[in-house]
Amino acid sequence: MTTAVGPVARGRGLAARRPLRMNATLAAGLALLGALVLAAVFAPLLTSWDPIEQDLSRSLQDPGNGHLLGTDQLGRDVFARLLYGARTDLRVGALAVLFPFLIGGALGLVAGWRGGWFDLVLMRVVDIVVAIPFFVLVIALVFALGSGTRSIYIAITLVGWVAYARIVRGEVLVAKEQEYALAARASGLPTYRILLRHLLPNVVLQAFVFSMSDIVLSILAIVTLGYLGLGVPQPTPDWGSMIQEGQAFIFTKWYLAAVPGLAVVITGLALALIADGFVHRSGRR
Amino acid sequence: MTALLEVHDLNVEIPLSSGRLHAVRGVSLSASAGQAVGLVGESGSGKSLTLRAVMDLLPVPATITGGTIVVNGVDVSRMSAKQRREHLSSAMAMIFQDSLTALNPTMRVGDQVAEVPVRRLGMSRSSARARATELLDQVGIKDPERRYRAYPHELSGGMRQRICIAIALSAEPGLILADEPTTALDVTIQAQVLGVLARLRRDQGVGLVLVTHDLAVISGTCEHLNVMYGGRIVEDGPTGELIHAPRHPYTAALLRSVPDPDLPVHRLLSIAGAPPDLLEAIPGCAFAPRCPAVIDRCTTEQPPLAPIGRMRASACWRAHDHEHWPPDIAEPAAGEMRA
Amino acid sequence: MSEELLRIDGLVQHFGRSAGPLDKLFRSEHAVVRAVDGVDLVLHRGETLGLVGESGCGKSTLSRCAAGLYTPTKGTVSYAGEVINGSPSKAQRRLVQMVFQDPYSSLNPRMSVGQTLGEVLRYHRVVPRSEVPARIRSLMDLVGLPARAIDQLPHAFSGGQRQRIGIARALALEPQVLIADEPVSALDVSVQANIINLLLDLKDSLGLSMLFVSHNMAVVRQVSDRIAVMHDGVVVETGPTDEVFSNPQDPYTRLLLSSVPRLAGQTIPAVEAGTA
């Protein structure tokens, strides 16, 4: 009764033209990030120095003599501090993005889908948070909550969720009028199913891409807070306090500030490559 | 009448990660002032790329890989990019399917019509303004002085397409190339825009090359038709003859699949199968796998576009044998439906 | 007259945000679009009703109201005599299903054909869980797709094949009414014919009733028993298809009919009328 249809997914036809699942950009980003994570995890194997052990008799030594990158003003091994600092910064960066991502994403999803008063109230709150400069708010919150990594998480989450809420809400507003979302509704599927299976996978990409650059911003925020003495408490090694302390010796021992700075840049590069790779893979721009 | 545009053996390829997509495969056609030539085919047939190649507006990364394009007696493929653009835009103008994106949203439509007269034809502002108003009137815009000051988003789709035609006319071209100009419009508006094009041709002798997927639109507008399939022209000839007595099975099948508003039929003829994969070399006729009249030769040897009678040509090994095609495609569709 | 499966009474659908507390506070003006402005329509068992009109006339909005996707501003939509008013029950959903216009956006790009069909079958418990795979295969067969395509994602299919998947999804719930909103306007002519023939075959073999929405007069003529012509949010003319085509009463219907391009070597009659 029906006429024949053409072959499905010809070997070298349309199917072969879709973007490859893995691409060079994504692979490079993942490799770079993987190297950073491995360095952080296996820090005790890569250096025998203790990152917090002081030896004032050996302060500010040049690289060499058993200290790969020399020592800081308190005689601590810079290379060891760099590796252990990666543990702190990667963890704080990731967690400081995870909570805003989950909370903001969920609120944006519901606001975009439901609309009405919920959307109205949420977006006004977003407007208020956005109107206050990011650092002013974070610093005020950390100051109020007391310094420490937990305060940093809470402060960044309280400020950071708005970006995710906005992105996801905007994407949902478009996606819910797409015919596949209407079709899911016409099939009588329950709301949670439509939100989680039909809308979420199709709107999450933009938020994910943003989160990659947001991780770098969080690390920079920690660096800045450390600079103001509100960051990760001493003596826990982190890149922010390393940059701050190294700055005093910028004309004589420039690498004390430059090396942790470079680590931040490399982390940012890895995350940017991953984000680009994902966008490319999904065929969107 | 000398030909304003002569395309010979045009080839266009698109490099992709999975190979080279040979989208246009040796297309030849010509158009003259005052004449309307139609290029009809389904998506992927290469009709739009042919038109864009002629106007040097191929989308990246598509490139012309062979053939010649002669405009006003000059082969443009040998010119520098700048020279070619000048030569092409003085002889031809193009209108597109989407009139909203074809217009500058931040500029008054009248100024957009007056732009070419001021910048290229060296008219004074006031005379260009008068000229633009006159052109708006010619494309059937009522109250042109007032509409001159409108922005594109303030006008309807049909109005905007008229503005696009006025802009095309402002360069005083001999030939207008139109890529699906009415596809985005409603039928009542489509009829008006086609009417404008027909009147310009009759009153001002402007030639037209019309690309569309809609056989009915093209049959009412053009006196000469080229039917494209799989990157080639498979049949060409005067519109009436081609529609009443198609000599290529694809033309015949396409005609039979178009529903007629005046006559309900029991069921429409559909063409089984899918269009060819243009990433691959096609040894015989591209339509052979879907053709009800296929013979052995069709799958091994490519039929050339060979003349049949006066002014007609068909790329089918069985073009002269059409009485013996299977009955579901052999009968001329329009003839039967009109009877 | 036979049984009324779908009935629309005095339907009005306005768009534009309803006035919220802030708007009342600031007394802001609302740009309200009257997409549908008072329509009565009836679909009887076994018939195909063609709904024609140009873009913006409200036919798509009307069909979405009829499918229970929008809650009407005023008026009612009833399935088999029961008013649904924007939120049909699970059982009512199964009665009326919809085929969408754009085969490229009407399928979730991240779900395979099998997942799309299986989801609907399982949620509505159309068949016992163990029989879902077999039912998916028979649905594929019904719309003329090979069973090996079940695990493919939508991008692997052509436009016509995707539209077949959309039809299979609608049929999975064994509806009595199919609402087809411009089901062929995004397709090439030769593929259009395939899909129209498929819909007509399915209508006959499954005993469906169909609301066929289209801007294309020629297509509507081929499929419909009755037609309703819509213009500016209201139905200007209804009647048996042949009667409306051969003897249109409303001036707008006449304009629409005379504007349709005809396959012929002659000019379109409406041309001069339109430009004069």
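Should a chain be cited, it is by its letter among A, B and C, assigned in written order, with residues numbered from 1 in that chain.
In this section, a contact is a pair of C-beta atoms (placed from the backbone, for glycine too) under 8 Å apart; a residue touches a chain by one contact, two chains touch by 3 or more.
Because the structure is a prediction, the values reported are computed rather than measured.
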Task: Looking only at C-beta pairs in contact, point me to the busier pair out of B-C and A-C.
output: B-C
Statement: Of all chains, the one whose CA centroid lies most distant from that of subunit B is A
Field: Separation of subunit A from subunit B, taking each centre as the mean of its C-alpha atoms, in whole Å
entry: 51
- line: Expressed in whole Å, how far the mean CA point of subunit B lies from that of subunit C is 32
Message: Using mean CA coordinates as chain centres, what's the gap between subunit A and subunit C in Å?
response: 45
Sequence positions of subunit B contacting 2 or more other chains: 270, 274
Query: Which subunit C residues sit where two or more other chains touch them?
result: 158, 194, 197
- prompt: Which subunit A residues touch at least two other chains?
  reply: 3-6
Field: Contact footprint of subunit C on subunit B as seen in their complex
entry: 42-43, 140, 186-188, 190-192, 194-196, 198-199, 213-217, 219-220, 238-240, 243-244, 253-255, 257-262, 264-265, 267-271, 274, 333-334, 337-338
- line: As the complex stands, subunit C meets subunit A at residues 20-22, 64, 67-69, 88, 90, 93-94, 97-98, 100-102, 105-111, 119-120, 123-124, 143-146, 148-149, 152, 155-158, 160-161, 164, 166, 169-170, 172-173, 194, 197-198, 201, 205
Message: Quick check: in the complex, which residue numbers of subunit C touch subunit B?
response: 54-55, 158, 188-194, 196-197, 200, 215-219, 221-222, 241-242, 245, 255-268, 270-272, 274-275
Message: Using the touch definition from the top, list the residues of subunit A that touch subunit C in their complex.
response: 1-6, 8-9, 14-15, 18, 117, 120, 178-180, 182-190, 193, 197-198, 201-202
